[in-house]
């Protein structure tokens, strides 16, 4: 049973990847431009940090590491689980029908449907940023991998929750995308910029703290406690997402609920 | 032990809550969610019937009759509100995954093929989905590909396939795991005449050879006549008629359509139960209610006026039979 | 242009403005995003100020600077997407038979959207920047930023139109849009005034329209008096002219290719 599901997931990811690179020209352009996009954005930090050497204790290298971590985790999310950004539309338009007639977990199946080519650009540029930050020694590679994977899991879980609102609310595309982008935006800026109630928000509803800040803290000074917390949190968000999605699935109307039926 | 039915419905019901159209914007929608300003529309209303293994059944009804909704409940996609469903002895809403291994589905309006990839990739992924072991799965792909005459199509990206070719691949995809039951929702929608004919023939042979139980919805009476032996007609979520397709014709077809090509330019036929549908030069088209005036009398009457060069006798098209069925249902008298 | 012609294109603007008024969700999305960005940057500039402000400008005026650049950029509707779709579907060919210029009609449509967005986003910019800084730039500065910014946003809309027209030759104009966006980001001084960039970037920027469209009008709120209204006006006139000529030339080239090759 478990072995079958693992082999299915592996086949799904492979098929997804194959479909993404099928249009080679478009794929290459997307990857290159996304990487270029990230580097251009970083010119801002680079120019600013020429004038200010530390920002509440953060130096350019730290910002680079944060940027790299988040870009890599985000890239991993949208390459492996690109369907997350389309969940709202799948739910709304009844695109889960086919998946529901297959004997595999619907969420896994739906997440693995659409890989975003640009994600590879994020992933690659993210890794370059991490290496370039000069703060990571090769011996810490396993931690880097674990931390990126954990933060990708949190991204997937949050996206699933945001877009699953469609089970209850119908057209949530704009709002859910907005929430998802807010999460990404906040996670790209240094932690000490935010305080007060916003901080509470950033460690709960929009867990930028867990996809960005905690991973950077772990990479700067690895501690078993923080790694454990991160793993625990990632598992928690994932369970919550699965729970909410499956709850919603019971209300699934196969595209009929808000329009007509036949 | 009596053989279990392939499909068994007992008083199955499902309604949808449809929101008022005025709600645009998330705030308004949130308000609606809590204010409960919704309208309940009953899609399936205490529907009961059963299908024996190996039967090929056409599921007929006008738009919005509840066909797709019923089909989706049978396939485990939608949860019924009330009543019982059993498909191959399983309860779809509770045993969705077990059931999934034994049924195949084709939704004419949705694709399960990966658009950018050749069908073969989807077929192989489906092997993992249905946990079929690899060599056996490959044999099955080859066998079905040759039955459905896919040839090089298996290796052509789906985006380059015509609709008819794609539909053949969709059906192969749904048969790969050798399901005992196949649900098809509008499998020939949008296809041209020859593609339709191919699909019908393949469905018929395949179900005949592998004893697959078929349940298909369609607007096209050709699908029903060429593939199915039994029809279940519903409207407003309720059963209107259930029986062999031939009987459907007989019970509603008390009329024949006769075309006469005559020596004389015009024919004058005024007999009870005979209606002239069209009359042109040397050609007259009639509808004859047989229980009022037998066919022979009409022909005799015609021969008394002129010589007949040719004659064609047809049943009214099934389309009309079904339209008549809906019409009588609306007036409340449904013979069965 | 006769009064009748103007009325004709004004009708395009009106209808798209009405449409935009109906479909508010996207606009609300942009407003929310705008508010968040201003919030994040007001914290950022406060932190920068603690570390020692690099330019004479204080953190408050930098928040207002960002409010101005983002207002100009976000107000311009990304009409290149729809134009690309229309070209791909081949709709443009049919539009050529209408007694209205396709380019002018699309521009008028875009302008209609802009006219709805600009006030909403402007209000968001003003309220958020005021809420985060507790300060407003002098009225004289705002009186310069608003009209010049609006004109700049109009020019940006026309440039999007030009990017959309590239679909006659390119399969996908998205990469061009991305490059444009990045150039706008750096050379236009979107988040950081150009003076804070290294000299070579500043020199490169001087040859492009980007500083005139974003940094120059926005920098009025910094109170550095780097640009005079006269210079602003001159630059905007030059770049509007260049844009107009380029777009109409492109369209004429495109039409001749389409009519010869039959779309």
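By letter and in written order, the chains are A, B and C; residue numbering begins at 1 in each of them.
The working rule: a residue touches a chain if its C-beta (ideal position, glycine included) is under 8 Å from a C-beta of that chain, and two chains touch if they have at least 3 such contacts.
Remember, it's a predicted structure, so these values are computed and weren't measured experimentally.
Averaging the CA coordinates per chain and comparing them to the mean over all protein CA atoms picks out A as nearest.
Set against one another, A-C and A-B show the most C-beta pairs in contact at A-B.
Relative to the C-alpha centre of subunit C, the farthest chain centre belongs to B. Subunit B and subunit C have Cα centroids separated by 54 Å.
Per-chain Cα centroids separate subunit A from subunit C by 30 Å.
Subunit B has its Cα centroid 43 Å from the Cα centroid of subunit A. Contacts with at least two other chains are made by residues 25 of subunit C.
Shown for subunit B are the residues that touch two or more other chains, namely 26.
Counting partner chains per residue, subunit A shows two or more touched chains at residues 174-175. On subunit C, the positions that touch subunit A within their shared complex are 25-26, 28-29, 32-33, 36-37, 40, 43-44, 47-48, 50-52, 54-55, 172, 175, 178-179, 182, 185-186, 191-192, 196-198, 201. Across the interface of their complex, subunit A is touched by residues 16-19, 26, 29-30, 33, 41, 43, 63-69, 72, 75-79, 96-98, 100-101, 103, 105, 107, 110-112, 114-117, 121-122, 124-125, 128-131, 157 of subunit B. Chain contact summary for the complex, subunit A toward subunit C: residues 26, 29, 33, 36-37, 40-41, 43-44, 47-48, 50-56, 174-175, 177-178, 181-182, 185-186, 189-190, 192-194. Subunit A meets subunit B in the complex at residues 4, 7-8, 10-12, 15, 18-20, 22-23, 94-98, 100-104, 168-172, 174-175, 250, 252-254, 256-262.
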